[in-house]
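In the two complexes below, chain A is the common chain; its partner is chain B in one and chain C in the other.
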Partner chain A sequence: MTTPSFIDVRNLSIGYTSRAGETVKVLRDVSLTINRGESVGLVGESGSGKSTLALAALGYFKRGLRVLDGQIHFDGIDMLDLGRDDIQKIRGGRLALIPQNSGQSLTPTLRIGQQVAEALRLHSELEADEFDHRVVELLTQVRLPDPAALISRYPHELSGGQQQRVAIAMALAGQPDALLLDEPTTGLDVTTQAHILELLRDLASDRNMAMLYVSHDLGAIARVCDRVVVMYAGEIVLQGSARQVLKSPRHPYAHGLLASIPRLSQQSLPVALDGRPPMPGEMINGCAFADRCGIADSTCTASPPPLVPIDTGEHVRCFHPGKISQLPRASKTAARKKPSASGKPDAALVMDDLSITYAKPDFLASLLTSRKDPPATVEGINITIVKGETLGLVGESGSGKSTILKSIAGLISPKTGSIALEGQSPLTAKVEDRPAVNLRQIQLIFQNPDDSLNPRHTVAQILAQPLRLYFRLSGDDLRQRSIELLEKVRLGSHYLERLPSQLSGGEKQRIAVARAFAAEPEIVLCDEVTSALDVSVQAAVLNLLNELKTQQQTTYIFVSHDLAVVKAISDRIAVLYQGRLCEIGPVDAVYKPPFHPYTDVLLGAVLEPDPEKAPKLSADDVVELSPPAQGCPFQRRCPKKIGTICETDTPPAQQMGGGHVINCHIPADDL
Partner chain B sequence: MAATTATSMVSGNRVVTVLKDLASRPSGAIGLTLVIFHVALALVSPYIVPFDYKLQNSSLMLTGPDAVHWLGADHLGRDVFSRTLMGGREALLVTGVATPLAVIWGGFIGILFGLVGGRLDEVLMRVVDAFLSLPWILKMLVLIVTFGTGVEVLIPTLAFFYGIPVIRIARAATHDVIARDFVWAAKARGHSRISIIWRELLPNVLDTLMVEGAMRWSWMLLAFSSLSFLGFGVSPPTPDWGLMISDARGFMSFAPWGVIGPVIALSSLIIGINLTADALAKALGIDRAQKAPM
Partner chain C sequence: MLMMLIRRIMLGIVTVSLVSLIIFAGVEILPGDACTQYLGEYQADDELLAQCRKDLDLNRPALERFQEWAGGAVTGDLGTAVDGKTKISTIVGDRLKNSLLLAFCAMIVGVPLALLLGVITGLWRDRKPDLIASTLAIFAMTIPEFVSATLLILIFSIWLGWLPGIVLTSASAPASEFFPEILLPVIVLSLVMCAHIMRMVRSSVIEVMESDYVQMATLKGVPYWRMVFSHALPNALLPAINVVALTIAWLLGGVVVIEVVFNYPGLGRLMIDSISDRDLPVVQSIALIVASIYVCVNLAADLLTMLANPKLRTIYTRK
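And now, the complex of A and B:
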């Protein structure tokens, strides 16, 4: 045996015993090495075993899982042969983990300083009186503003990005030689994510650490990793340098994953990667990917392909790495844009000076104090949506985009202003008071199908709800229509009796889409409908929505924080910050200069799965909790702020032509 | 059993699936066997006991176990084995009726509080808290002393007091469910309030209530036995485990067989119910700990 690498996983197989008594493998014969100063990205869809592998490197296995075969070494230490005490010394010390949801992994009742000090107590040689100094040092290292003040704060007083930084500081407390990162930026805003990735990149190179970065986000991987390992169904299918893997993937699965990511540079919709990965324990004779592969032939289903090196230096588990070029790189069907109708297009929905606030007027307080109401969450929204178009609403969390959707759906009453459907008098604020026809015309699709489908209802029951309510269907008619709807979202009638728990993420979201379309709506409100899904599934749902729009002439309002996704599907984009409109216009105009400064910041932070494209970080990733009382909403973070005028005056709406409007004090020519 | 009747409101199929899952788990299989055994015993014991439970034979007084009297005789010379076999009838009858009643009324009020929300909910919950802060035995004794110790008093009393903690559980479960998107989706579609409660809320709260009911059942059994032990439950000469333990307690040092029988019987039933409740929670997917691996 040769000397092991710094982190060395050899021929590792991990599995569990099913209730039927069979051994089910979750990881199959996985080998992975990481040297000091090297960062390796681990990619794959959910369930591919990537997190299991990362945790195994820590010598940790989820309940029920056990090592069937193989070895794990860390700096020459056999991680599978360590006692509890020894392994605890290494974990969190020399080998640190940064988990996904650090906000939840910080103890809510302990001050930040105490939490970081605790990591020091466990994993450093420092004396107690040196802790304070070191804590501040660590917080400075992760670029947190004003660390001295921060140590006495509680986790809930910090934003998600700041909490993530604290988690990184705690991981650094033990002077780690290696970092394991499990989706460390998922769930953070785009600008925050870009900043955290820069930080991780710099830390890794400054300290010569080995880094294993687990993520489904190829954009993030491209930013921090030198080498990429692609996993599928518990096996490594491709590994090589980040450049090779991301630029010219030599495995059909990696190719499919990359093609399913919407990109800013792309005009068309991404290509969906159809099918679903095999479940652990499913019997596969040949290649696990064969049934989803565009170039599979009889050799692929006959025997499993081995992981072999190819001439360009990667290791590929495929019989035909040469044929990858036959696969489509981009979808031929561009998103169907609204028909350039002759004459004046019909308005589908008009939002007139819409303002929404969550703050409840407190009668007593208003009598006793002269304190003014806090600024409204959403204010001054004037948008007319044309029939058959897709309007994308973008912005970071807290931008009020979901609030606007809820208000259109009647779930939140506006403070002032109105929402009206084509040529009708304004809609009543509350959903309870709306006439049935208006209810039917507006349908809402939610972000997370796990939450928006009742877990106790079968698909048939789910689809029956709108069909009974709006069309009074029953018996055979109901069944017939339900099957039609299932076929429309490319699912068969055999799905009718299934429960949501028996469906994959993508299938669930299709059911949610079918339920919305059951109402034969005029306007469909999509609230981050793809952000809880794997990229491959996301592309499929985007394609489906586009197809349905073509068939049904539906109008969409599509809310997302992902600028590339919004670009792929929308005709027009509205950029929101703190509930105020920054910029609105046709897709092509908004994604091209001149930009509103905020649009510029957002676009700069977008991560493309391309190691050569670096994000442009022009604004801090501070999270503002409430909009400023007057002036421009973006005044506090704007990198191009011109002076006090930004703080006092509401920015003018500058008409750029073609319906493109930028709300900014800076003259359009300078933007 | 409270559990199965409530499931049938959700879907016929699911009862079978859940029961199969329940029986396939070791804890469920053992638990169910114990519970079914005790229920069956309560039904048939009067016909199979070897001796009359109230037959006193002074020559046998406190004699130890032998081939005829398997568990010996008590201080009045009654056959302990026969009395043990029959000692759960009263307890199972009272708690078997009172448990579903407790879950129904507590669940109803809890869901109502959860839906109403706001200040009224706050006030009502503080009343519940105040109530729960009193020792249960004190509250119960007041009612029993006032109204007597018959079954017709015990059932409503137990149902009332054991329904109060159910309010908390039902309210919390309701809060969890109404915050979820599928309730918002139904609201946005324009379904009526009744329809949302019936279709969206209830099926999701019922699971929690069922498990809660099973747990309450075992606690109620203990409470009932404690009342009997204190002399406020079953009146002699009706055999009851709590009463038997109380009677035999004084002779425990030289005639321990008087307590062994009823103690084993009572604990095996309670363990059985707890195991079943535990497995039921797992079968219904409420217990998150079982989600591993993957």
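And now, the complex of A and C:
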């Protein structure tokens, strides 16, 4: 055996024993090496085994999992043959993990300072009285504001980005030689993500650390990694330099993944990668990807392809790496844009001076204190949505985009202003007071289908609810209509008897879409409907939504924090900050200069799966808890702030033509 | 924080008032009154009955009597029992002291044991210690108290003769004289409450041990027991506070069966006796005391949870 690399995983197979007593493999014969100072990206859909592999590098296995075969070395140390004390020395010391969801990975009952100091106590030579000083140093190093005050805070008092930075500081406390990052920026806002990635890049190069970066986000991988490893169904299917893999992927799965990412530079919808990966333990005779592959032939299903080097330097597990170019790069079906109607188009929904607040009048509090009402969460929204149009609402978390949707759905009453459907008097504020016809007209699709589908109802029961309620269908009619709906979302009638737990994430979201369309709605509110899904599945859902829109003339309000997704599906975009409108206009106008300074900041932070493109970070990623009482909502973070006028006066609405409006004090020519 | 406290206390007062009103109404609605009970077979004599009612002041409208009594209760004067002589505060006071003694002893034994067992079964889930303790807990919860009480009397006082099987001390005796008679009732009560608390703590420990932050602590290199004590248990034991509080309230007001089996002179038995005597003032007083205990203990538990849980604490202290 040759001398192992810095991090060296060899022929690793990990599995568990199923209820039936069979051994099910989660990782199959995986080999991976990382050298000092090198950063490697590990990519794949959920369930591909990428997190299992990263944790295995720490000698850690989730309950039930065990090593079936293979070795794991870290700097020559056999991680599978270490005593508890020795492995505790390495974990969090020389080899540190930065977890996926820092909000849940920090202990809620311990202060930030205590948690970072604990890492110092375990993994540094420092004396106890030096801890405080060093903790502040570490928190400063990860660019947290006011570190001295943060020490005594609890995790829940920090924003998502700040929690992630604390987790990084905790990892750095042990002076690590290698970092394992498990989806460290998933769930963060674009701007925050871009800042965290820059921080990680800087840290890695300063300290010459090895990094294993696990993510399904190829944009993030492109920014941080030198080398990329693509996993599928527990196997490595492609590895090579980041440039090669991301620019010209030589495996059909990697190609499909890349094509399914919506990009700012693209006009059309991304190509969906159909099908789903095999479940662990499923019998596969040939290539695991064959049934989803556009270039598979009989050789692919006959025997499994080996991982072999090819002329351009990558290692590929495919019989036909040369045929990749036959696969489509972009979807031919561009999103159906609303035909520019001559004359005055029909309004589907009118929001008139809408303001919403969560602050409830508190009689007791108002008697005993003299606190004033905080500024409303959402204020002064005037938007008319045209029939058959898709309006995208974008902004960071806290921008009020979901609040507006909830208000349209009747879940929160507006403070002032009104919402009216096409030619009708304003809607009743509360959903329980609305007539059935209004309820039918407005349907909502939620972010996470796991939470929005009743786990004890079969698909048939889920679809029957709106059909019974709005159309009084029963018996054969009901069944017939349910099947039609399933076909509409490209699922067959055999799904009727399944429970949500028997469906994949994408299938669940399709059911949620089918349920919304069962009501034959006029307006469908989509709240981050693709954020919880894998990119490949996301593309499929976007395509489905677009198709349904073409068929049914539905109007969408599409909320997302992902600017590329919104661009792919929307006709018009509204950019929100702190519940105030910054910019609104047709997609092409909003995504082209002149920009509102906030739009500019957002677009600059978008990461493309291209190692040569760097994000443009023009504003910091501070999280503001409440909007300013007056002036421009973006005044505190704006990189182009011109003076006190921004703090005192509400920015004027500058008409740019074609319905494009920018709310800013800076003259449009200078934006 | 202060606002929340004021609100909770006000809510508590409303609850207690409503309870006393309902109890008052309930006893009024029951057929018969203290006089029919007192006179027994002589109640057929209308004159005697009228005289008795006049003496006991039962002729005035119910609302008026309630007002008078409630007014007294607020100032700490619980009035006299229906015979017009005995001070309620003396009767109830002794019994309250006895109930407190019993509850206190049961808690001292039961709560630490329950927490310990809960943590052990949670950490060693599905292994021997867990299986044994969990099975026993199910037994302790499902066997009715009077059955387990009778069994224990049979074993410890009749067969082995170690402990007295029945309490003979009078209600007004000082606390020290209840030993060792109190031991058997304490054991029975501890068993039942221990089982409830243990099962709750167990599931809470299991949940926390599966959490991301416990995994993170392990991957940070924190040794196992240090991780258990500094990361897992503070979070796992938070929900136990409320369950313990409920159990305490139950111990103080609702252990009639045990009091009857062991002839223990506590509040529960006094309540039952007073109801059958139609001794309205005593019933009301006990109901009021028990309701106040429930309200206070729950308030205390909520406050404690709030102090122990940073998430709740910081809502009120920082903005």
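In this text, the second predicted complex is superposed on the first by the 663 of 671 C-alpha atoms of A that agree within 3 Å, B and C clash if a C-alpha of one lies under 4 Å from a C-alpha of the other, contacts with A are read in each partner's own complex, and residues count from 1 in each chain.
To be clear about the criterion, contacts are C-beta pairs under 8 Å (C-beta built on N, C-alpha and C of every residue); 3 or more make two chains touch, one makes a residue touch a chain.
Source: prediction; values computed, not measured.
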Requested in this report: Could you classify chain B and chain C on chain A, in the superposed arrangement, as clash or fit?
Outcome: clash
Query raised in the report: So, does A:586 touch the first partner chain B, the second partner chain C, both, or neither?
Result: neither
Query raised in the report: Of the partners chain B and chain C, which touch A:97 in the superposed model: first, second, both, neither?
Result: second
Report task. Quick one: classify A:594 as touching chain B (first), chain C (second), both or neither. Result -> neither
Requested in this report: Check whether A:436 is in contact with chain B, with chain C, with both or with neither, and answer first, second, both or neither.
Outcome: first
Requested in this report: Determine, under the contact definition given at the top, whether A:147 touches first (chain B), second (chain C), both, or neither.
Outcome: neither
Query raised in the report: Which partner does A:174 reach: the first (chain B), the second (chain C), both, or neither?
Result: second
Query - Partner chain in contact with A:414 - chain B first, chain C second, else both or neither - result: neither
Query raised in the report: Superposition on A: which chain C stretch among 152-160, 170-178 or 206-214 collides with chain B?
Result: 152-160
Report task. Would you tell me the residues on chain A in contact with chain B in one complex that are also in contact with chain C in the other? Result -> 63
Report task. In the complex, go through chain A and note every residue touching chain C. Result -> 55, 58, 60, 63, 84-85, 87-93, 96-97, 99-101, 104-111, 118-119, 122-123, 154, 156-157, 167, 170, 174, 364-365, 368-369
Report task. Report the residues of chain B in contact with chain A in the complex, numbered from low to high. Result -> 10-11, 24, 180-182, 184-191, 199-200, 203-204, 285, 292-294
Report summary line: Residue positions on chain C within touch of chain A in the complex are 3, 6-7, 210-224, 230-231, 234-235, 238, 308-311, 314, 318
Query raised in the report: Given the complex with chain B, which residues does chain A contribute to the contact?
Result: 16, 19, 26, 47, 62-65, 280, 409-411, 431-432, 434, 436, 439, 442-444, 446-448, 451-457, 465-466, 469, 501, 515, 519
